[in-house]
Structures are given as C-alpha cells and as structure tokens.
Amino acid sequence: MRGPWPAVAFFAAAALAPLVVRDAFLLDGLVLILLWGTTGAAWNLAGGYAGQVSLGHAAFFGLGAYAAAILGTRWGISPWIGLLVGAALATAFGFILGFLSNRLRGPYFGLATIALSQVLLIVASRWRAFTSGSEGIPVSFRPGFWTLGIVDKRVWVYVILVLAAVLYVVQLYLERSRRGYQLAAVREDEDAALSLGVPARRLKVAAIAVSAALTAVCGTLWTQYVGFVDPLYVFSVDLSVRFCLFAILGGIGTPLGPFVGAALITILETSLRARFGGIGAGLVGIYLIIYGTALIVTMRVAPQGLLPWVGALLRRRPDPRPTG
Amino acid sequence: MSLLSVAGVTKRFGGVTANRDISFEVAPGELVGIIGPNGSGKSTLFEIISGFYRADTGLVRLDGSPLTGLSPDRVCRLGVARTFQKLRPFAGLTVVDNVMVGALTRTHDVRHARARARELLDRVGLGEKADAHARTLSTGQRKRLELARALATEPRVLLLDEVTGGVDQRSIPGLVQLVRDLHRGGLTLLVIEHNMRVITAVAQRIVALYLGEKIADGAPDVVTRDPRVVDAYLGQAYTQ
Amino acid sequence: MHAIPQLLASTLLLGGIYALIAVGLTLIFGVMRVVNFAHGEFLMLGMYLAFWSFTLLGLDPYVTLVLGLPVIFGGGWLSYRLVMQPVIHASHNVQIFTTVGLSIALQAIALVLWSADAQFVRTSYYAVVVRFGGVAMNLAQIAAFVVAVLFTTGLFAFMRWSYAGKIMRATAQDRHAASLMGIDTGRVFALTWAVGITCVGAAGVLLAPIYPVYPSIGLQFVLIAYVAVVLGGLGDMVGAVIASLVVAFVEVVGSYQIGTAWKEVLYLLLFIAILVIRPAGLFGQRGAEVIGT
C-alpha cells in the first residue's frame, strides 16, 4: 500500500462526507473514526515509529480531558486554553516516561506506563475536592467555537479532520526525514544506532513527549465532544490498549494504519450497538473478546498490521519495515 | 602527536579484571592490530573506546580531547566509528537505508545522504545490493555493509572488530584489500583480528593482550616472535 | 504500640498470598523471558472456579483446590499451546501484545458469561476471627496463608530437587545451551507456563473466600505481583517471596496510616520508584532490565 493515494482517498472522503451526509448517527461515526484514528496515530509516534510500546497512553488522554474540563467548569476558561494546558502537562509526564524508556526495555517499560496511568486514575477518582472524584465531571456546554460548544457534527468533523491531517503529516515526516531514519535505526537496534552517532536517548524522549502532547489534545477534543469526563474510563488500561489496537490492527509504523484500524473498530462497535441496541455489559464484553482475539491473531499472522500485510500479499514480497 | 591515545585503562566486572592498565597510542594514518586469545579483553577495550562501557580508571583521548565518559553517539560524532563482532545490521531496512543512518550523522539532507550512501556501497562492493533488504545479505556482505555504514559517519579513527571472522576463505582477500585501500586512503585503523595472516599483512604495529594486560606492542615480526605472545597465544608451531 | 503485632500479622497473611502469585509470575519470566500481562486474569478464573464449585456443587474452596489443580494446570497448558507457543520466539512487542490480548479476551469472556456483578464465596467459617496475643486474624486468611506457604514450599522443592525443575532452571540460565544439550525447550516452556498459571490459579481459589469475585479483579493483584516481582529481581523466586512481604507491609502500613483509598497509589509509586532507582530490584542482576534479557 505504497504511495499517497489511499491516504488521499481517505481524507478526501472524510472531508466530503459532511457535505453529503445528513444522518447524525453516521456523522457521529465519522467523528469517532477520525478522533480515534488521530489518537492511535499519536500513540504510533511513540509506539510504532520510536518503538516504545506504551500501555498507559490513557494517562495523557485523561490529562487533556481533565485539564479542559476542570479549567472550564471551575474557572470558565476556554477549552482551547485547557487543550494547551493539558498538552503541557502531558508533555511533562511524557518526559518522565521518556526518562523511564531509557532505563527500561520492552515489557518493563510497558509495566511502568500502566503504573503511571493507574496512579493518575486513582488520583482523579479519589481527589473529590479537585476532580469531583469518581463521579466525573460533566463538561459545561456553552455554544460557540471559542468554547468548543459545537452542536453541528459536521463542524466537529472538520475540527478533528484538521488534527487528523496534522498527525498524518507528522507521521509521514517521520518516515521520510532524517529524524525518521534515525528513529528507525533506534527501534531496529539501539546500540548499533548509537555507534553511528544517532542520539538515541534524546530521540526517544522527544518522540514520547510529542506523542503525549498530541494524545492530550485528543483527550480534550473528545471530552468536549462527548460532554463528560469519567476518570475510570479516561485513564483506564482498556482505553490505553485501544490506542495501541488502532495502530496494531491497521499497520504499526505506517501513517494511515491507525486510521484504518480506528475505522474498522468504530464500524464494528457502532454496527454491534445498532444491532443489539444499547450498551449493556454483555455487549462491551463481546467487543472486548473480539479485540483480545484480534490482538492475539494479528500478532500471530500479521504482526505489522493489516496495511503492510495486505501490501505484502499484493506485492508477494516480505514486509518492508518491521518494528518488532 | 597521536590521534588516539589510551592511557591506563582499567575495567573490572565483579571479580574479573577485563582490562588492566592498558596504554598505547595510535598515530594518525596508522593501522594498529590488536591480538590475543579469547578473554584477553580486546572487545572490552573497544567498548570502552567507543563509549559503551565506562572505564574504572584511565583516559581515552582523540586528538587530545577526552572521550572517556562520553556517550557512544557523541564519540561517533567526534570521529570514532566502529563495527561489531556480532554483526548488527538494521535488518528491517534496506542496505542503502542502513548506510544512510550513518551518513545522516554528517549531513542533514536526506538526498545528499542517500547519494553518499550509494557511493560508499559501490566502494565496498555492495553497489548492486543497495536496494535489497539488509536481512537478505550473506555474512561477507553484511561485513561490508557494517563497514560502509561506519565509514558513512566520516570517522577519523575506525575500530574494526574481527572483520574476517566467520567469512569464507574466498572472501577474505577481498575484505583485506578493502581494509588496505581504506588505510592507504589515509584512514586510521584499530583492528581486532584472530587471523594472524591477515593482521601481519596489513598492520604496521601490533598490540598483544593477554588476560586483560598488554604484553607486547611493536612491529608485527617482532611481536609474533615475542616469547610471551608465543606462549600465551600463538604456540611454538607458528614461529617456525 | 499494640498496632505493630497486628500489622505484622496482617503483613504475613497478605504477603503469603502475594508470594504465591508473584512466584508464578517470576518463574514464567525467569525461564521464558515473557512478561505475562494476563496473569491477573488467571487469578480471576481461579476465583470463579472456587465460586462456581461452591455455588453449584457445594464444594469448599479447599476441596476445589485439590480437585481443581489438574483442571487449572490443564488450562495453563492449553493456553500455552493455543496462544503462547506460536509467538514464543517472536519479538518482545509481539509477545507483549499477545498476552495483553489474552488478558482482554479472558476478562471479556468472564464479563459476558458471568456479568460484572461482584460475587462472594460465603463459606460457613468466613467470618470466624481468631484472636491470639492481641492480634485478630480472619480464619479464612490464615488458612489461605498456610496453604499458600505449603504450595510455595512445594514449588521450591520441585524446582530444586526434581529433574523437571533442574531442566527448567537450566533453560532459565541459558536456553540456547539447554537446547544444545538435548532439552526440548518447547516442552519446558509449556511446563513452566502451566506451573506458573497453576500457582496463580491456586492463589485465586484461596482468595475467593476473602475478596469479592468480579471479572476485572485481576488488575489490582497483578500490579501488586509485578511490584513484588520487579522488587525481588525478575526471575528470582526467593526474591519474589521476600519482596511480596515487603509490598504487603507497605500496603498494610499504608492502609493503616492513610486509609485504603490511597494505598494503591503508594505501591504504584513504589513501583515507579524502583524502576527509576534500581530496576534490577533488590536481588536481580543489574543491567538485565536494560538489555532486556
């Protein structure tokens, strides 16, 4: 799946859809696909391109969500400011994580990321005075662009589309640029990369910090869209794994992969919800069984994800850029 | 004035002293060989010079400025490149991409780096394989790739770790010629080598290590006749 | 202060159970170099085994433990063959996501089959409290502790003296050399995994009378177990036991001083602190966690 055409098609379709589609349900699906795709792409910067597999990215998502929600409900500050504050906080935590990534490899780093997201979850759900505890925070809705109080889903599509496009371009940059080559070397073999003058440590930290900031931005936007912050969801390990899932299913270390993965999963979820109506615990369980099994099977059959796998099938050549 | 100077380097791992008070100099343009039996500390020395290990005591200097304590990537950017005994190509990348990683340390321009990489690949004889995936290369080809990659960083001193190790007999002369050409081109080389025929043919000087200590340092024909070296490493039959 | 004997008793009781969970985890890591993210789910399944045996068959958990051991072992073996074996030689990332996938799938299956409602195993003796020298202890906890200790001791004996145990230790030290010596590392991995799962499944059965049973209970225990495993040095079984006591102590004292709501934060911060300061743990080999071997 080389070349820009699949991506052009995807973004063009997303951009044109609101002009053609009126159905709120379908537009909602599109917003979610774009939003989750963007979050997956942000994860991909650290997990796919830098090879630092984080299982705790919900920490950053939640920081973005809470920053905007708290600043908005307590002090009436615009969620755009909240977005920046969330991104700044996430960057700080991203640096901490980056520091850890230089001391720990693979699974140990994954464990540390889970621990970090759990700490934030507990703090957010217990610190009643500041965060309203486990009840969460309903986001105040004030109509207007400055307050991100947007009712028209078509406008939401365009807001998120901009961010999605940015993330696509950032990933593309990472593939083609000098830093991209260096990062690829780091994830293939860090010591060999060091011996060639690649500043591996700094690059990993930078990748994680940028990934963190962008994930937080997604968290802010999502909160404003959905209208509610629930600490038990927004900092959860389940959510963190979702972010990984988008990139892994669609194509880890490819720019369009996370969007494809997000599209597949969102379509699955919305169609299941439409068929069975309402969200009961049983339904959530079914998605999760599918995701868990999909992860296991993907790792077995196509560890690089769907896009590279299909691409290899089409070309009948081995996968170009493994990150494992 | 030496280009690379190693002075009093000592490194201990728990109870084992891998390097004990090692000192020698490498003059600009020299090709110095390092020999010694397994466990004599040759690889440890390379790890210390290239910045992967920190010496307990001692100093390593490049053209007067200290290298000890610097991270490996800084050491490389200052001008010391190395190859690895256990080859470490970036398996998931193409051959030319591999070399580009090295080239991008000296240039920020990706196209320029690619051109430079192709040049170097031609020079080491891998020109035709430039767009192949690195994992498809044979051992001998991987050795050349490793060499090209290190050269791409435009080093002032190149550390070669067992460049003929594991390579079939027919390919050795080609590799040796390559090393000679690099040396003739003015590159300073420090070469770990087990193959005595190879090292005595190319080295101007040989440093012999045994059990972490330097036991000889001089011209190849002198060192290979040194009784301590013969005893520790070569065996009587060699000198006959 | 008369709180101290109580704190120590509680530490011991809790630590004994954590040790059983941690020991299985560190064994799997030590021999197979796999960080099993699904370990908590096998604990959860053990708890449900005890619950359903109790509810449907009227079996006391301790009876379930004895009768169910082969079932748990078999489940472990099966999960290895189906899920882990295909990726045992793959990269770390692939293995991470495989066990994460397994974790999600197992939790979800429990959720779909048995709902998220918390269940309780109320044996006839569950509320009995034993008082001894100023210390009050729950009988079920004491029993769980005793069995956990027996189990762990049995495991150590197995590892030390049995042929299978020796082969496992050899594979842990150098799998390449072991296979050169004719050891079927595939079988060793299957056995190790099954043994590790049996330990944590047994711990689940033991915990069922003490804790509420619900699909996501695995996470809190597995995090605690990982703190203990990392603190004790990954792969070090004795270290895991000692570290489990340390973690239990931190939790008990933390609960006492700052209340149960925040005690989880305490050991999570402890975990991050260990990872920052000395990732090799108290007894592990320094640098192993960076090299990743």
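A, B and C are the chain letters, set down in written order, and residue numbers restart from 1 in every chain.
What we mean here is this: contacts are C-beta pairs under 8 Å (C-beta built on N, C-alpha and C of every residue); 3 or more make two chains touch, one makes a residue touch a chain.
Since we're looking at a predicted model, the values are computed, not measured.
*Asks:* Which chain's centre, taken as the mean of its Cα atoms, is farthest from the centre of chain A?
*Replies:* B
*Asks:* When you average C-alpha coordinates per chain, which one falls nearest the overall C-alpha average? Tell me, please.
*Replies:* If one averages C-alpha positions chain by chain, the most central is A.
*Asks:* For chain A and chain B, what's the span in angstrom between their mean Cα positions?
*Replies:* Once rounded, the distance between the two centres reads 43 Å.
*Asks:* What is the distance in Å between the mean C-alpha positions of chain B and chain C?
*Replies:* 47
*Asks:* Quick check: how many Å separate the C-alpha centres of chain A and chain C?
*Replies:* The computed centroid separation for chain A versus chain C comes out at 31 Å.
*Asks:* Note the residues in chain A that touch 2 or more other chains, in rising order.
*Replies:* As it turns out, chain A has residues touching two or more other chains at 323.
*Asks:* Note which residues of chain A are touching chain B in the complex, please.
*Replies:* Touching chain B: residues 176-178, 181-182, 184-185, 188-189, 191-201, 318, 320-323 of chain A.
*Asks:* Which stretch or stretches of chain C touch chain A in the complex?
*Replies:* Touch residues, chain C against chain A: 34-35, 37, 83, 86-87, 90-98, 100-109, 111-112, 115-116, 219, 223, 226, 230, 234, 261-262, 264-265, 268-269, 271-272, 275-276, 279, 289-292.
*Asks:* Spell out the part of chain A that touches chain C in their complex, as residue ranges.
*Replies:* 51, 53, 55, 99-100, 103-108, 110-112, 114-116, 118-119, 122-123, 126, 237-238, 241, 244, 248, 281-282, 284-289, 291-296, 298-300, 303, 323-324
*Asks:* State the interface residues of chain B toward chain A in the complex, per the touch definition above.
*Replies:* Per the stated touch rule, the residues are 50-52, 71-73, 76-77, 81-82, 84, 88-93, 97, 100-102, 104-105, 108-110, 113, 133, 149-150, 152-153.
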